[in-house]
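A, B, C and D label the chains in the order they appear, each numbered from 1.
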Amino acid sequence: MTEAAADSAADSAPVLTVRDLRISFPGGESRVDAVRGVDLELRRGEVLALVGESGSGKSVTALAAMGLLPPDAQVAGRLLVGDRDVTRLGPAELRDMRGREIGMVFQEPTTALNPVLTVGDQIGEALTNHENLTAAQVRERTLELLEAVGIPEPAERMRAYPHQLSGGLCQRVVIAMAVACNPAVIIADEPTTALDVTVQAQIMRLLRELRDSRGTAILLITHNMGVVADLADRVAVMRDGVVVEVGTAEQVLTDPQHEYTTALLAAVPRLGSGSRAAATDEPAADRPPTVLHLQDVRVEYRTLGRPAVRAVDDVTLAVRRGEVVGLVGESGSGKSTIGRCALGLVPATAGHVTLLGVDQRRLRGSRGRRVRRGVGVVLQNPASALDPRMTVGDSIAEPMVIHRVGSRAERQQRVRRLLDDVRLPAAAADRYPHEMSGGQRQRVGLARALSLGPDLVIADEPTSALDVSVQETVLRLLTELQAVHGFGCLFISHDLAVVESVAHRVVVLLGGRIVEEGATQDVLHRPREDYTRLLISSVPVPDPVQQAARRAAADAVLRESARALAG
Amino acid sequence: MTRYVAGRLLQAVVVVLIVTVIVFALLHSLPGGPARAILGIDATPAQMADFNHQQGFDQPLVVQYLQYLGRLLHGDLGRSFALNQDVSAVVTQRLPKTLLLTGVSTLVAMAVAVPLGVWQAVRRNRAGDYVVTALTFLAYSTPAFFLAFLAILLFSQAIPLFPAQAPQADTLAGILAEPAALVLPVATGAVTAIASFSRYMRSSTLDNLAEDYVRTARAKGTVERRVIWRHVGRNSLTPVITMLGYHIPVLFGGALVTESIFNYPGMGLAFWNAAQVSDYPVLLGVVLVIATATVIGSLLADLLQALIDPRVRGAHR
Amino acid sequence: MTAVAQPPPVPEVPATVPAPRAASVLRRLVRHRLAAAGLVVVGLLVVFSFLGPLVHPADQSVTNLQEASLPPGSAGHLLGTDGVGHDVLGRLMIGGRTSLIIGIATGLLATVIGTVYGAVSGYFGGRVDAVMMRVVDAGIAIPALFLLLTAAAIIRPSVTSMVLILGFVSWLVPARLVRAEALSLRTRDYVAAVRAVGGSGTRIILRHIVPNTVGTITVNATFQVADAILLIAYVSFLGLGVPPPATDWGGMLSDGVTNIYSGAWWLIFPPGLAIVLVVCAFNLIGDGLRDAFEIRRSR
Amino acid sequence: ACGGGAGQQAGTGGGAPVEGGTASFAQPAGSTPNWILPLGVPGRTASFNQSIRDALWPPVLSYTAESGKLGLDVKGSLATAAPAWSADGRTATITLGGQSWSDGKPVTSRDVEFWFNLIKANTSGWTSYVKGNFPDNVTAFTTVDDKSFSMTFDQAYNQQWAEANQISLMYAMPQHAWDKDSDAGPVGDLDRDPAGAQRVWTYLTGQASSLDTYATNPLWKVVDGPFTLDAFSTTGRVTLKKNPAYTGPDAAHLDTVDLLPFTSEDAAFNAVLAGDVDYGYLPIASLAQKPRVEGLKYRVQNWDGWAINFAPYNFNDATAGPLFRQDYVRQAIQRSVDQDGISKVIWKGTAVPTYGPVPQQPAGDSLSDAQKTNLYPFDTAAAQAQLTGHGWQPGADGIVVCARPGTGADQCGDGIAAGTRLQFEMYSQSGSSETDAMMQELQSSLAKAGIAMTIRTAPLNTVLADTKPCAPGAACGWQASFFGARGAWYLNPYPLTDRQFSTPGTGNFGSYSNPETDSLELAARVSNDPSAMQAVSRQLATDLPGMWLPEPVYQVSAIKQDLQGVSQDPQAVIHPQRWYRTK
């Protein structure tokens, strides 16, 4: 984004204007005032980032602009798309506006697509909703769109169903639908949360191109400050249903005015801000025992009618007591599969897994149960990792119940201590998972993993759903506990900055194979492999100036590797 | 896919085999056996013994079962002593009639219930939804035999719109030549099915309306009607279709009532009459046919579902 | 078994079953106006059937041919008398007992058997599931009518035997429903988490799988009750009901229907109405439960 | 006779008879004809089969009640008159009339001999066979000439019995067309040697097993009755066409008679209400619709059956047997049966109270005066008095308990211990609301007399299968049994009931045994004196071998007013050749 472009944008009339927007959900006894007087303006060719705390009303504001709020929402204020007030449009006019003047990229790409229609059909529909086209024209335009959003082999992908595509591909399909009719405004709600850094970088590139080539105005909702720095011209910070600060990206990110903004930015982990040292120098005999050992492990998923997916290929990996091993790699590279395989939830097709010194295959029956006592688990998705019908307290206590540890009272006491450890109120013990936010749930998962004082913790993306500020707290906790109890930990994450801050050693995964492995500072600061370098360079930093430079560097890496591949 | 279908067929055979075992065992644990019922109270003990010997009922049960299976493999369903006909003849005579009646009423039920359920879901908790809900509950809770009587009283006798008898022809063409006579039996069969199908449809439409993809479709500016039918409707059909497969035995039970009241001798009635006189071969044959139809029905339902839902296509294990 | 052969889906149950506290389920159920109406109707019918005879004693073992087929409003017979002189109102009461007991007991029996069977089958999956589900398939494939007929010929009809027979016919559907949910629940991460720390299969089934199908189970149970009451109506229509002088609403209705041409409408509509009421009421409760368990809407 | 059975020629709407035309007849619900041969085989003897068979091949001696009494119907018989008996009463000579087969050949005594030979060689396959009876009791069959034959019996029997129950089983079959053992095989005298007769039997019964060929099989085209078979569907639609070659005295008036199948009584009644059948019936529960049906130009008439109805007691049952064996107990039970009330209210006037072993209607020579009235009229007080007079005392629940055991005149009787409750279980067929109502009424009135009757129901077939004789003192599984909702026992024209009530009778399920009854039954079989049969009637009406119960009519018919000539034969067969249309 250049200064010139920003200037010209400031001149033109706003394409999206929000004036004193108030949204509330009456919902019986528990009225929620989600948005309490928001003013925003978005001009042609401009990217406005909407950041802020979870639950502050970002998505609701976006939905209001689309006229897609649930019927029970009460909306007051003015919401102009062009010069038409969305809140006063009838159904037919709304329909006419959607897609043509304003498009939306939804947060969860996989559920945003209709599972029973092909990708081509769904994009085609976006076109035919507003234009009279022949079938051939639709096909042609769909192909163009798929190419434009950077989907390889578009002709084939057109006939695919959503479940046959990866999350990143789905996200691009959703973007293709949003831009199909060339709307003046695109609202992108967390378009990259589910994606790893390389795909994230691709999506951002795509949005930037759209803005540049078509002058599309973009309202970008995200919690990733790196993304903000990379893409946004201006930033609005929301908290509790109001905008607490607005300004150019540079100004807000480098010189925040509001204290909330300051706190937010302070909590952002930055890659290269220092890492823990790996305990590698001690002689072999003194080394602490291995708590997890994978030897030439291969994992294949079998699906009838299709060739088996080799998710993990010849992976050898060891975690020792007192050591945190970070496992990084792009989405789908097999990180979670390794974790699951280590736990015996997925059988290894080949190779050996040794858990706390016992061969995985001998972990059946009561003996297996005894060994498993020493294992703590945090699974990737906090929403599904807790039984929705158990209170948080029961969930945390369950490993103790299974292994008959302590009396009822003792268990309750321990639960309270654990909750306190993860900075949750003791009262949370009586709540059900759905009564907690994603971040809170994730912390419950962590508390459960630690409840038996494990020797080995396998943590799969334990902080992905957290605000940066909460994330910071949790990471500190993990480091502290680990220092005290000295458990070994396999820490799976796609956030390199996070890994840098907790891991002693890092393992980089690509397509199920280990491409690089070593002490954290070596791997993340002096990467030997192109792929690692690409990963690191794709991580956006929350500073627009720095980020512009990094982007140029990353593009160079990309070009280089492309050339290497071609050559 | 072929392998999947082959596997399913194999399982189907297993299921049918289990069915024959269960049915055979149950039938032969009936007290008394069929001799008295078939021969009448005038029958002498000698005649009954003779009959039992001829039918092989004096053999051990296992032997009888194996003999039965052996004949079954040759396509021989046995002979009905009460009807003096081969069971296969009884089945070929009556199955098409029952299939026609139940098939048409199921189609009618689907044609009404699917749009009705969707309509209700869209208008959830509004007056229209409540009225239809009340009506469907009423229909659901009215036993078919009562409904059939009411239909005849109202639409055949009070207001003579339709005949009280189903078509009496023996051929399908002959039956179809009297569409007016089909109205009441088809309607009786359809009403209960409409009641339950529309509840399923409403329910699954409600679930799907809450899905994110609906919002996406709307965000594209898709016409509401299209959102409902193309996006929601198709996704919501799956449970109804799955249910259809398992609906066949239920239909068959209903067929008994309609057949008996509308004078339409089909499978349901053949079964009932056979049960009255313990006509084992017919009972076994009919149950076998129904079981086979159910198994095939659920297989077809699965295939249909795979046709509608691509996720299912890949998920076979 | 394959993932494709999904069983008949749950009537009226959301795909994701959230877990509100029992008390709040009840509160929501009561607040759900139609469901509350259903609860009230069921309550009234229970009171009518079980306490009614205290208010309106009518000996149902004594016939009186002189007073047969009296129309409603005749002295001492608010709803008239039937073909042998029984007071129809009194008969409705004792019939209601049978219907309600059979309906509720059958619903419970079928639900318990079906839930345990389905949860075990779904949790273990694979070969265990294949075998267990083939049995269910076979059960579903045998017309219930056949089972009822043979059972009626083998077992002496009584309230207990009816419950057993109907329960035996009815557990198949809940088994399929629960199994389908269990199949997907067992792949949930929270189950994986319990397995990973050494939780046993029994624990997972009882503490994690079964509770999470509670929406399906309760809703289906209400339908089972309604269906059982209807099923005894059919059974009585086929002449296989409880033996006289005991009766049930279904039996009264099917008896009444044979009198449809005799003008004795009071033999048809009271039991007919009772059946409609009780079936609708249980369906409404089921509908209400669906809503009460549904978090997406109630939030 | 209350409007039933005999001589129902009457009926309104007289009008001038017209020849030709068609009539449709509703067959009994759920029954479809399934046998054609005049050789009865087990399980194929239903009256609807017999109606068709007799229309195609009239029996040698036919019985109807057209005269008001069940008696020989010469017009419908092949014989020209009742048999002539020899002086010793053992040889009967029968002369055939001038009928000829539809292919022109005359009907001769050879044709009857053909039938006789087949039966004789295949007694085990013949349904009417009872050891010692026909044909075992025929020592010689002699062809006198083309038109007459004689049979010599092994002893002098009651001639009525011999004619009505034995000779009436005989038919003439076209020997010249049927006496072969394969389709293509030559027609010869195969029947004259037993092996050949068996082959012919096998062939003919085999042919009769293909229902779908009934209307086309050339065998069945050779008939000597007033009708030919025009169409026969396996679902039960039968069309009879007037036989143009018929030469006898009983030619059909109508051109066509359609026998229609119905799946249920209600379906058949709906057809009546729609005017779709000329001769249908009303379900008993719908009798209130009689005026409406009459408004549709039908006349509504009861069709009585030549049948008796009773619930047998199981005298051998370990618990109830000793009770039933007491005469006074049976009498008290019978006194508690309100037959009039049950007939009038529950059966809506369509059942006839039964007091003994001879069908009450149409009254004939066999009916004793004793059986004409109810020897044990409904009186629960008298019943209870009888019980208390024998040492029973009502308990707290009103059911009597034996207080004075012993065998004295005022004591409970043999095998009854003190404290025994007077109770038994009635095993009753399910599926009939009239029966259910009747059982409730019985239970209620028996309770008033102090007798507890519990009811257990099962499908008819189960009841029939379970109701079988058992060894004395065994737990038999049944104590009293009822299976007569549609008429239990249809009797032969000569109403001898030795099968039901004589000690060795094969239909004596309850093991009733009374030497006096046995000798009276025997006498009724051999003595020509009508008083012999009356003695049986009196004896069983008094001795109560079972609980006498009202006999439901065969059906309540609705006959179009312009269809005349209909006699509702108590044997439940129709004679459609005598029906005619009026203008």
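The working rule: contacts are C-beta pairs under 8 Å (C-beta built on N, C-alpha and C of every residue); 3 or more make two chains touch, one makes a residue touch a chain.
As the structure is a computational prediction, the values presented were derived from the model and not from experiment.
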item	value
Pair of chains with maximal C-beta contact number	B-C
Chain nearest the overall C-alpha centroid of the shown protein atoms	B
Euclidean distance of C-alpha centroids - chain B vs chain D, Å	39
Averaged-CA centre spacing for the pair chain D and chain A, given as whole angstrom	88
Distance from the mean Cα position of chain B to that of chain A, given in whole angstrom	50
Separation of chain B from chain C, taking each centre as the mean of its C-alpha atoms, in whole Å	21
Touching two or more other chains - residue numbers and ranges from chain D	459, 461-462
Per-residue overlap in chain B, given as positions that touch at least 2 other chains	4, 30-31, 149, 275, 315-317
Chain A residues counted as touching two or more neighbouring chains	none
Complex interface listing, chain D residues touching chain B	30, 32, 34-35, 42-45, 124, 127, 129-131, 208-209, 211-212, 233-237, 260-264, 266-268, 270-271, 273-274, 276, 459-462, 464-466, 468, 483, 488-489, 499, 506-507
Sites on chain A touched by chain B in the complex	66, 68, 91, 95-100, 103-104, 106, 108, 111-118, 122, 125-126, 129-130, 161, 163-164, 174, 177-178, 180-181, 302-306
Chain D partner contacts - residues on chain C that touch it in the complex	61-66, 68-69, 83-84, 86, 149, 152-153, 156-157, 238-241, 243-245, 255, 258-263
Chain B residues within the chain A interface of the complex	1, 3-4, 211-213, 215-224, 226, 230-231, 234-235, 308-311, 314-317
Complex contact set, residues of chain B against chain C	4, 7-8, 11, 14-16, 18-19, 22-23, 26-27, 29-31, 130, 133-134, 137-138, 140-146, 149, 153, 196, 199-200, 203-204, 206-207, 210, 238-240, 242-243, 246, 249-250, 252-253, 256-257, 271-272, 275, 283, 287, 290-292, 294-295, 298, 302, 305-306, 312, 315-317
